[in-house]
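Please go over the structures that come below.
Each of the next two complexes has chain A plus one more chain, namely chain B in the first and chain C in the second.
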Partner chain A sequence: MAQNTVAPQQKPNKQKNSQFSGMSKALVRRETISAYCFLLPSLIFFVGFVVVPMFICVFYSFMEYGLGGIKGFAGLDNYIKLFQDPIFHRGFLNTVLIVVIAVPTVTAFSLWVSSAIYKMHSVPRSFFRCVFYLPVVTGSVAITVVWKWILHPYNGLLNQVAGTTGFDWLGNSSTAIWFIILILFTTSIGQPIVLYVAALGNVDQSLVEAAQVDGATKLQVFWKIKWPQIMPTTLYVLVITTINSFQCFALIQLLTKGGPLNSTMTIMYQVYDTAYRLNDLGYANAIGVVLAIIIAIFSAIQFKVAKTD
Partner chain B sequence: MKAKTDLSGTSTGYKVFAAVVLILVALFFLFPLYWIVTGSFKGVIEINAKHPVWFPTSPTLENYMKLFDNPAFQWLFNIIFISAAAMVLTCITAALAGYALGKKRFIGRGVLFTIIICAMALPKQVIVIPLLQEMTAIGLNDTLWAVILPTVGWPFGVFLMKQFAETIPNEILEAARVDGAGELRTFFSVVFPMIKPGIGALAIFTFVNTWNDYFLQLVMLTSRENWTLPLAIANMQGEMSNDFGLIMAGAALAAIPIVVVFIAFQKYFTQGIAMGAVKG
Partner chain C sequence: MKKKRILALALAASMSLGLAACGGGEEASTESPSGNGGESTGAVELNLWSFNIGGFTDSAAWEPIVAAFNEANPDIKITVTPINYQDGDQKLTTAISSNNAPDIIFEGPERIVGNYAREGLMVDLSDMWTSGGSDIAEGISSVSQLDGTYYMYPLSVAAHCMAINYEAFEAAGALQYIDEETRTWTTDNFVKAMEAIRDAAAAGTIDVTVPGIIYCGAQGGDQGTRALVNNLYSDYYVTDDGSSYNANSENNVKALKLLQDMVNNGSMSANASFAASDELQAFANQTAAVTFCWNYSNYTQYAEQTQFTPFAMAFPSDDGKPELEMAGPYGFGIFNNGDEAKIEAAKKFIDFVCNDKTAGVEAVKTTGFFPVHSEWGDVYADAEDADVRAPFALMSDYLGRYYALTGGWTEQRALWWPMLQEIMTTGADVQTAADSFVQQANANIG
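Entry: the complex of A and B
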């Protein structure tokens, strides 16, 4: 993503004004005015409903803000509270667990599926791509309620098939989170597969053939030739999967509400719970700001790792 | 014994293994949808059976009839209206803005693009609390517009349209200018036809994502008549958690239209997703 913004500046000599080279001042002004006219409708929505709420969010995080409205300036109190809050600690660890398990498995599995299907005839390829995308399209609510039924202690299919009648998979603090991760996995691999199938189709075939002529094995061809070429896609997949895993909400709200014993509490769910059940808006916004910072750090690390690779 | 291999060095054994795994996983992915649809036609006895009922032996419409005792048509209309309005507004604003970002050289372009990228990486749900208050302040809370407007503000569409607009050759825009076409004329007669595939992809993408943006609907829509179908299923599931037949009927009604839209436009959809990332 960053490449786009960096590219124009890499032209030699003119560092800052390179995009305006060969343009007169009047032309620059005219282009700027017309550009902002085109941007205006979009900017109204973007500034009004994304940028402004972001600033308000940061502002509230420094306030003592409960049911009766803003009670006063809280300084860093909300942030200090967060570091001492055992629920936040639990939520943080669970979120990290979800991300650390879901992101690599989603990435690896979608890459494996894509490399297995991208050379297929277009009909089976579309079929598989479509099937793996279906849970995304079906929607988190529909998928979640059907899983709730499947996992139900008495009426659920899983217990009937496994012969474990009455076992409450979602009411057990050691199994609940694994089902959250499993369902998250099924709703997460659709987009990476679409991306990888496209990326693998764009790999330079002449290099692949040259390597095969030289006697490279299938695995060598993959790691030495294809893998570097699909690296930008891998990076993108890592970032979107990370963001999706951090934000997984419907699953938790509809299946466990963070329980039992906070075993499925996540940072995202705590933001919602703190704001709308506990009515502590200042604290909820502080958790939200910290969540945004954590996501930014994760994304930055992935960019860094991918670039040095 | 050496395994049979084809020219590229893949053994037949591996191919069979891959095919079997793919089919098994595909069945696992299709199963929830199958279970929703068949479940919606099962009667109370089959829903609560102590043994798996793989297929409804005496299919019934009672779940759907129960569903339509509620304002289910209103809920369906609400979600269609929200998704369609967000789709149209996003496509118009994003096409205009994406063209400016992709093809025009103007002061503040780099900064603006960086802000857009950063905003895309931020969790959308974090800003929902202030958003709700903003909607209350402008008198739109608990209306469908409270879901539509923030969806249009989300900058992914602008990013996607910029990617498409960048592929327009400068010579064509130059030629239009030489021919005396004004800014708007150039946009509608030259740019628009060239980014049409991108707009198609963005339209489907926005429609599906808005339909499934449960969190925003949950926070913004409180009165029963303003619920969307997915939100209504979620809320009904909380109220009467064991009537799985009714809930499956709701889930089927919410899922089937969007699945049909997806399958019908699959080509544009997959192209659009790939396009958004390839150059990003």
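Entry: the complex of A and C
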């Protein structure tokens, strides 16, 4: 028992000794203080604009809170209401659908495109990176306006080409969510492609060549050599795409406002709708807290799975 | 190392100072001179948040009015922040919940009285009504108050109406179904006119895609679809005693069924991705032959785009006697920020804009609507576009009940357009959908 408790304590000491070997205690202290001084400005903003609002959000979620301020303590009422709210149920299912479809699709597609372009000459590679990154820098509002024009029921490009004038793609509860996912996809692939091109370019070529000399197939080279080396990038892409998909808001606000018949309602949009249209701030905060918990759970699962791999 | 520490400390200090500077901004501007040559004694700075009503789309539209006010009141500085109906509620909610509400708001009773006064956020303006509201119609004064206390002082008013593409109607032989003089039509004639437009479009006689569009993609402009449904068989949106929403009444269900049938037979279209602005755009570019969201403000906004005559019409009704929804009355409310000096200054400004005939007429003209003061008469009599404004003045004769102060109004607006989506785009049973709407809307009526 005693041995078990001593052993883990020695390990950090060893690390610490090696990390600061050759440095006096005074020097270490000065370095540490300097580091904290550099961190301080960011820390102030992080605490002030992220941590504190998070706690305030949790606090308000237990309150009956409207435009006139806090009207009283609501206890768990907002959370109970949430689990009985059919719009929240629909929003939750739609959010999960968006995440489940968009995240693997974005990751796989961007990896595929990156694999195809990362070995190209710098000019065409930059061209393709630029093309795929354009929707990211263009901004969701401009992209949405263009899509709105493409999908316009009477004058839209899609209906003109398909000969389906009058069909309301965004006004049909069977099709609207799929177009939201499609547009989200087009705006989400730019950053992963840039990251993957860089990651694939950094794969140790000596290992690749050695594997090829040993007779490894292309699939084996990818799966056994490249994939493990780009795993940190993949994990980052997965987490970022998941969070972006959960927080998909602008597209829905500008295109469908959660309709038709809540078919594109998401948890994120319901937070906005409840807070700013219905002025039920306590309930909106409760939805926000639940959304944060769901995102945290998804991210933790992704980290766990990626770490296991 | 020493340099690093100094640099780090300097950086941290500058950031902290930066934050302090941000925090101190408001105080600094409050103490600044208010445009009277640097004297700050007694100076008051007011923030006016103005919705985009008529021509009040930017702060420049307020400049002549504020300048005229400042001639007599140099110590009161007015800062105008224009907001719109797309994100104005979001900005106001954020401001109110962070104790930064504006001093004055320019809007209608739906928000000033129905939302903010009901939450106890507004200042009692009853004294202003005592001194200056004697010639304001009872219908307007009644919607400016809550439980006998006035929270809004009105400036102008109009009626929401609809419009037709005159040339398209003429070419389709549908003008026979409207009374051009009174600008009214019966429900039967409305149905016939829409069928005539549909047939003419199919035959290629006229170049429109659909006769009309029931827009139900968002709540913007929902007064149009409400008025359409309520007028078709002369019913109301809320029961007489205001105790219940009324979409499931016999006549309203009949109206909804009629519209559903029209959608099914192609004499009307329904779009669950269209808000009023989309429908207006479709009307302006001749995709649709009618719009259900018309007033003088929209006329001016789309005038340059329309290559036809937009002919303002009242909503069709079975007895030919329409009852239109009030556009406005638009006016002012004061948020109670606890500063008596600001409240008094705000009242002075409102009194100047709404009761001073010279300034008031200019302000009314900027809204494009009509004055609430009956004693001011026809303010557009000498206007170059008096003939264009005349139909909108005529619509004021058809003003009906105002029900936007009914309890749970905000919540029911979030239910109305999904109900229309259900009925018009999925073919749902009208009575069931209307019953469901009323049940949910009444849950918040209080």
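Rule of thumb we're sticking to: the second predicted complex is superposed on the first by the 267 of 309 C-alpha atoms of A that agree within 3 Å, B and C clash if a C-alpha of one lies under 4 Å from a C-alpha of the other, contacts with A are read in each partner's own complex, and residues count from 1 in each chain.
Here is the rule we use: contacts are C-beta pairs under 8 Å (C-beta built on N, C-alpha and C of every residue); 3 or more make two chains touch, one makes a residue touch a chain.
Quick caveat: nothing in here was measured; it's all calculated off a predicted structure.
Colleague: Please work out whether A:217 is in contact with chain B alone, chain C alone, both, or neither, and reply first, second, both or neither.
Modeller: A:217: touches chain B, not chain C.
Colleague: Quick check on the superposed pair: does A:38 touch chain B, chain C, both, or neither? Answer first, second, both or neither.
Modeller: A:38: touches chain B and chain C.
Colleague: Counting residues of chain A touched by each partner, does chain B or chain C come out ahead?
Modeller: B
Colleague: Which holds for A:276: it touches chain B only (first), chain C only (second), both, or neither?
Modeller: both
Colleague: If you stack the two complexes on chain A, which partner ends up touching A:121: first (chain B), second (chain C), both, or neither?
Modeller: A:121: touches no partner chain.
Colleague: Report for A:25: first if it touches chain B alone, second if chain C alone, otherwise both or neither.
Modeller: neither
Colleague: So which bits of chain A does chain B touch that chain C touches too?
Modeller: 31, 34, 37-38, 41, 48, 154-155, 165, 272, 275-276, 281
Colleague: With touch defined as at the start, can you tell me which chain A residues reach chain B in the complex?
Modeller: Against chain B, the touching part of chain A is residues 1-2, 4-5, 8, 19-20, 23, 28, 31-32, 34-39, 41-43, 45-54, 56-57, 60, 113, 116-117, 126, 128-150, 152, 154-155, 157, 160-161, 165, 186, 191, 194-195, 197-199, 202, 212, 217-218, 221, 232-233, 236, 239, 243, 246-247, 249-250, 253-254, 268, 271-272, 275-276, 281, 284-285, 288-289, 291-292, 295-296, 299.
Colleague: Under the definition above, what is the set of chain A residues touching chain C in their complex?
Modeller: Interface residues on chain A, with respect to chain C: 27, 30-31, 33-34, 37-38, 40-41, 44, 48, 66-69, 151, 153-155, 165-166, 168-173, 176, 255-257, 259-262, 272-273, 275-279, 281.
Colleague: Residues of chain B touching chain A in their complex?
Modeller: Within the complex, chain B touches chain A at residues 7-10, 18, 22, 25-26, 28-30, 32-33, 35-36, 39, 47-52, 89, 92-94, 96-97, 99-101, 104-110, 112-117, 119, 121-131, 133-134, 149-150, 152-155, 158, 183, 187, 208, 211-212, 214-215, 218-219, 230-231, 233-234, 237, 242, 244, 247-248, 251-252, 254-255, 258-259, 262-263, 266, 270, 273-274, 277-280.
Colleague: Write out the stretch or stretches of chain C touching chain A in their complex.
Modeller: 1, 4-5, 8-9, 11-12, 15-16, 19, 89-90, 93-94, 96-97, 115-116, 119-121, 209-210, 216-219, 269, 271-275, 282, 285, 287, 410-411, 414, 417-418, 421-422, 425-426
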